[in-house]
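Look for chain A in each of the two complexes below; its partner is chain B in the first and chain C in the second.
Showing the complex of A and B:
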């Protein structure tokens, strides 16, 4: 850009504004971290003494452990199912053209645009009418619906970086479709598949609304947090929040590293050596 | 490319179709049927009775909640878009490539932190003896009642949607043709005027879509209006959770949910056609 109309003061003001925006976004996250170590029950400034009593309280709470177990089971199963069907749908969109494809893709990608309360109510009513509500698998069923679109988007993005003729080359060299899938497509998509596993797991870890509707007595950890929120002030929310934040961030950073590393060197992904360049 | 239907192709494409038809489409269709059911002796009975519709739509409370929700979400879409724009603009045009990448990465983080925990955290900030009032008291101001007010709801809505709005705006601003801006500057068009007459029209579709997403997200949110806004008078999403959780009045909750879907579809359709209007010229 040329220098006419450039004004250092305006530039700095804008940059300051960016910092302020990040301040607004990260203030609650940082505060929750800070107050989780605060000794006082009622949070205020200045901070009371440093303490881990709330961590001990959470550690000793069997309800939290039960919620955590449900969350982990749901997260693991959800990420596996969502990634498998998301990858299948991404590959379908990548390779095939058929009548009604727009409807297929729309149906696959639509769930995140429906408000969670509506989704929650619809799932609760439907699942309880076929006797599938109030259990951990109800949460799994609902979360797969919500997570599969993310898995599909991530895998589709990776597939769009692939030269379609790679697969055709494998067929010409005598590979069946399944062999080409196993030796060409899957190795190429591996970073996206792993990233999708991590990200769908993180989404499932944090989802509270639909889980609240359908889980019945088998509450996941975020649903327990919603319960704490309805009760009185409790620093335990900060502790659980900090824990869930660290877990989710680990998953996201792993996913990010996988995606950045692989897309920076696309050739590295075809490490089976099966594909002549 | 081979086009015939094969076992291979179906194995890959059908699971998504089956899952979403069974567990996404079917529940939504079931919701329509449910809205005509009746409740007798605390049990739901399949029926084709329009009673739920006439009863819900004939209630003052319902319409009060409806307009309150609509007004709150519309204000949120406008206010948050305006607040997000300078940030997205600065990241798009004033930061280096590396800094921009970091900014995008940081903006993605909030999506993977618990919204509930952040709302709880805002309660600590905004309550009458909370952090902000404690700081204001040091300079002799306040205390201000920020919790359980429209301001509190807006803070919550911004927590929910600001990162997404900034990201969507950013992605449309990045693709604005820089030569257009240079041309405007060469023609001695002022800074602000360039923003309003060159940058914003060029990025219009993305900016409108960002506001639409803000509307959709906040329209369905029950956490901020309840825990930061006090929940009284209720919004539609609070009505749904109350009606569902307080017993067997699911058919009435279904009526509220379907009204919300209809509203969202209408708003989305109107917004998208507004976004793409005049593009053909």
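Showing the complex of A and C:
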């Protein structure tokens, strides 16, 4: 590690800094996790003793189940639709050159840069004016708008790693455009498509603000949590928080594994490729 | 209209917006020949190949395959497989699946596919890698997979777009032999696009030299080397000294041409009739130039030049000289011969050549 003759003190200070940063990020989550198993009503130290009563309380709460169901349905549908749209947009960008393409790509990637409160308000105004607000599909529509750009970015990255001759080679070998899509483009993009499904699902799973605006009575889990907070401070929030955190992290980690594994393998191949003739 | 040739380019033009990539191309490609299309980048050689493959549509003119117009036939309905510069192997498939691809796309049934792929695996000596992913092969092995993948449908024509450019020199020579043998054994037409003179000249039966979308010359390698048609070809081949001037005197067998570097005699040439006052350009190839410290014998063309430098090219060396009016002269000599001469940079030497060692460019 000390290849550059760095000052020892600086070295330690930097390590401490990284450690503190991680602590700062993860301490609240760890605390929430710890308190979810705490028997006490209020989150205070020292811990009162191990218990799963809050898990039992959440388990028995039909409102939580309804929220979870809404969240899962929305997440699954959103990830599928957003990935189809995102892949289509990325492929259009990869395959075709047309007037205004820069504007097209910029617009397609724009939604995540809009503040969620504004997006949520706009969505509510728009959806209610066409009588689509306050239902589960309102959340789905709003979340597809938010998630499709992520899907597009992931698919675009994968397509940019593709040899541009690959598709033409498939045509040249007798594949029609649809066959080339099915036998070459989609298999090549498979890790990106799976990653995009997981990530968009995770985004939809977590998203609160827009869902709060448009969901009406069909609240998703994060919106439910706010309801709990407004009523009373209940350790049940810790339970739900832990659950949402674990679910999202699992999806994101799966996506990362898919993306990293695939992009690393061609590099490994070139190393072993130098077989002496 | 019946074409004798396998492929005919009939007045083919290709424009990309305002850029003319190929201009009025007329070219016959014969059944069973190894044709190389050569030129520097942007000369239209790859566009020509891609039009033949069906990856670009001609703007004007007609391309015929066995007498049938194929301008509007999509590439997947032609059997004109191409070996790509990047090889474009499918990275998520094994060697076998790559070779099988075109058979699968054409709906050939499984057992037949297996038989035909096995045949090519054996022929290209890649059988032992059949189930391996193509990413785990060496450059030469990948090359063989690409060839097998294109040839598995047993097409009448194979298109090759600089397939050897990524290989090291040794492997390149080896693959040249593989390609030449393959073409002879299969007896099918190869159209090979390259910017490398050595690749084109060592493998092809006929070479097409292109520049700025036009054909400069078509011929067998020896003819092109010995008798370039235009100044571009002479310069592209790089081994010739070029003199441009005006005819000052014509006699029975000898034409005198006066150039800024002096007045020279050339043997009169059947391909181009010259009369007094005509503009004429002739070339003398570097290996036919004589160098001496003493004035040369009578009957030779001569000029005095000073040595600029020496370029080592293996068994021989190229001496760069500069004559009157800054004319550049190259002479290719063996190292033995060079030792007998004083060739210090700046030294004055006599450059001479026989009148029949020169070649008048018919196209200038």
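Heads up, the rule we're going with is that the second predicted complex is superposed on the first by the 260 of 277 C-alpha atoms of A that agree within 3 Å, B and C clash if a C-alpha of one lies under 4 Å from a C-alpha of the other, contacts with A are read in each partner's own complex, and residues count from 1 in each chain.
In this text, a contact is a pair of C-beta atoms (placed from the backbone, for glycine too) under 8 Å apart; a residue touches a chain by one contact, two chains touch by 3 or more.
Note that the structure is a prediction, hence the values are computed from the model and not measured.
J.: Thinking of the overlay built on chain A, is A:53 touched by chain B (first), by chain C (second), by both, or by neither?
T.: Neither partner.
J.: Looking at the overlay, what does A:114 touch: chain B (first), chain C (second), both, or neither?
T.: Touch status of A:114: first partner only.
J.: Between chain B (first) and chain C (second), which, if any, makes contact with A:244: first, second, both or neither?
T.: After superposition on chain A, A:244 lies in contact with chain B alone.
J.: Is A:32 touching the first partner chain B, the second partner chain C, both, or neither of them?
T.: Touch status of A:32: first partner only.
J.: Given the touch rule stated above, what does A:63 touch, chain B (first), chain C (second), both, or neither?
T.: It touches nothing on chain B or chain C.
J.: Where does A:89 make contact in the superposed view: on chain B (first), on chain C (second), on both, or on neither?
T.: Touch partner of A:89: chain B, not chain C.
J.: Does chain B (first) or chain C (second) touch A:257, or do both, or does neither?
T.: neither
J.: Between chain B and chain C, pick out the one touching the greater number of residues of chain A.
T.: Tallying touched residues of chain A, the top partner is B.
J.: Return the residues of chain A at which the contacts from chain B and from chain C coincide.
T.: On chain A, the chain B and chain C contacts do not overlap at all.
J.: Using the touch definition up top, name the residues of chain A that touch chain C in the complex.
T.: 163, 165-166, 168-176, 179, 183-184, 187-188, 190, 265-266, 269-270, 272-275, 277
J.: If we count contacts the way the header does, which residues on chain C are in touch with chain A in the complex?
T.: Residue list for chain C touching chain A: 53-55, 74-76, 79-82, 84-86, 88, 90-92, 101-102, 104-106, 133, 135-142, 149-150, 153, 170-171, 174.
J.: Quick check on the complex: what are the chain A residues that touch chain B?
T.: 1-2, 4-5, 7, 10-11, 14-15, 17-18, 21-22, 24-29, 31-32, 35, 42-45, 84-89, 91-92, 95-98, 104, 107-108, 110-111, 113-127, 129, 141-142, 144-145, 148, 152, 164, 177-178, 181, 199, 202-203, 206, 208-209, 213, 222, 225-226, 229, 237-238, 240-241, 244-245, 248-249, 251-252, 256
J.: Mind listing the chain B positions that touch chain A in their complex?
T.: Chain B residues touching chain A: 1, 3, 6, 8-9, 11-17, 19-21, 23-28, 30-31, 34, 83-84, 86-87, 89-91, 93-95, 103, 105-110, 112-122, 124-125, 129-131, 134-135, 158-159, 162-163, 166, 178, 181-182, 185-186, 188, 190-191, 194, 216, 219-223, 227, 237, 240-241, 244, 250, 253-254, 257, 260-261, 264.
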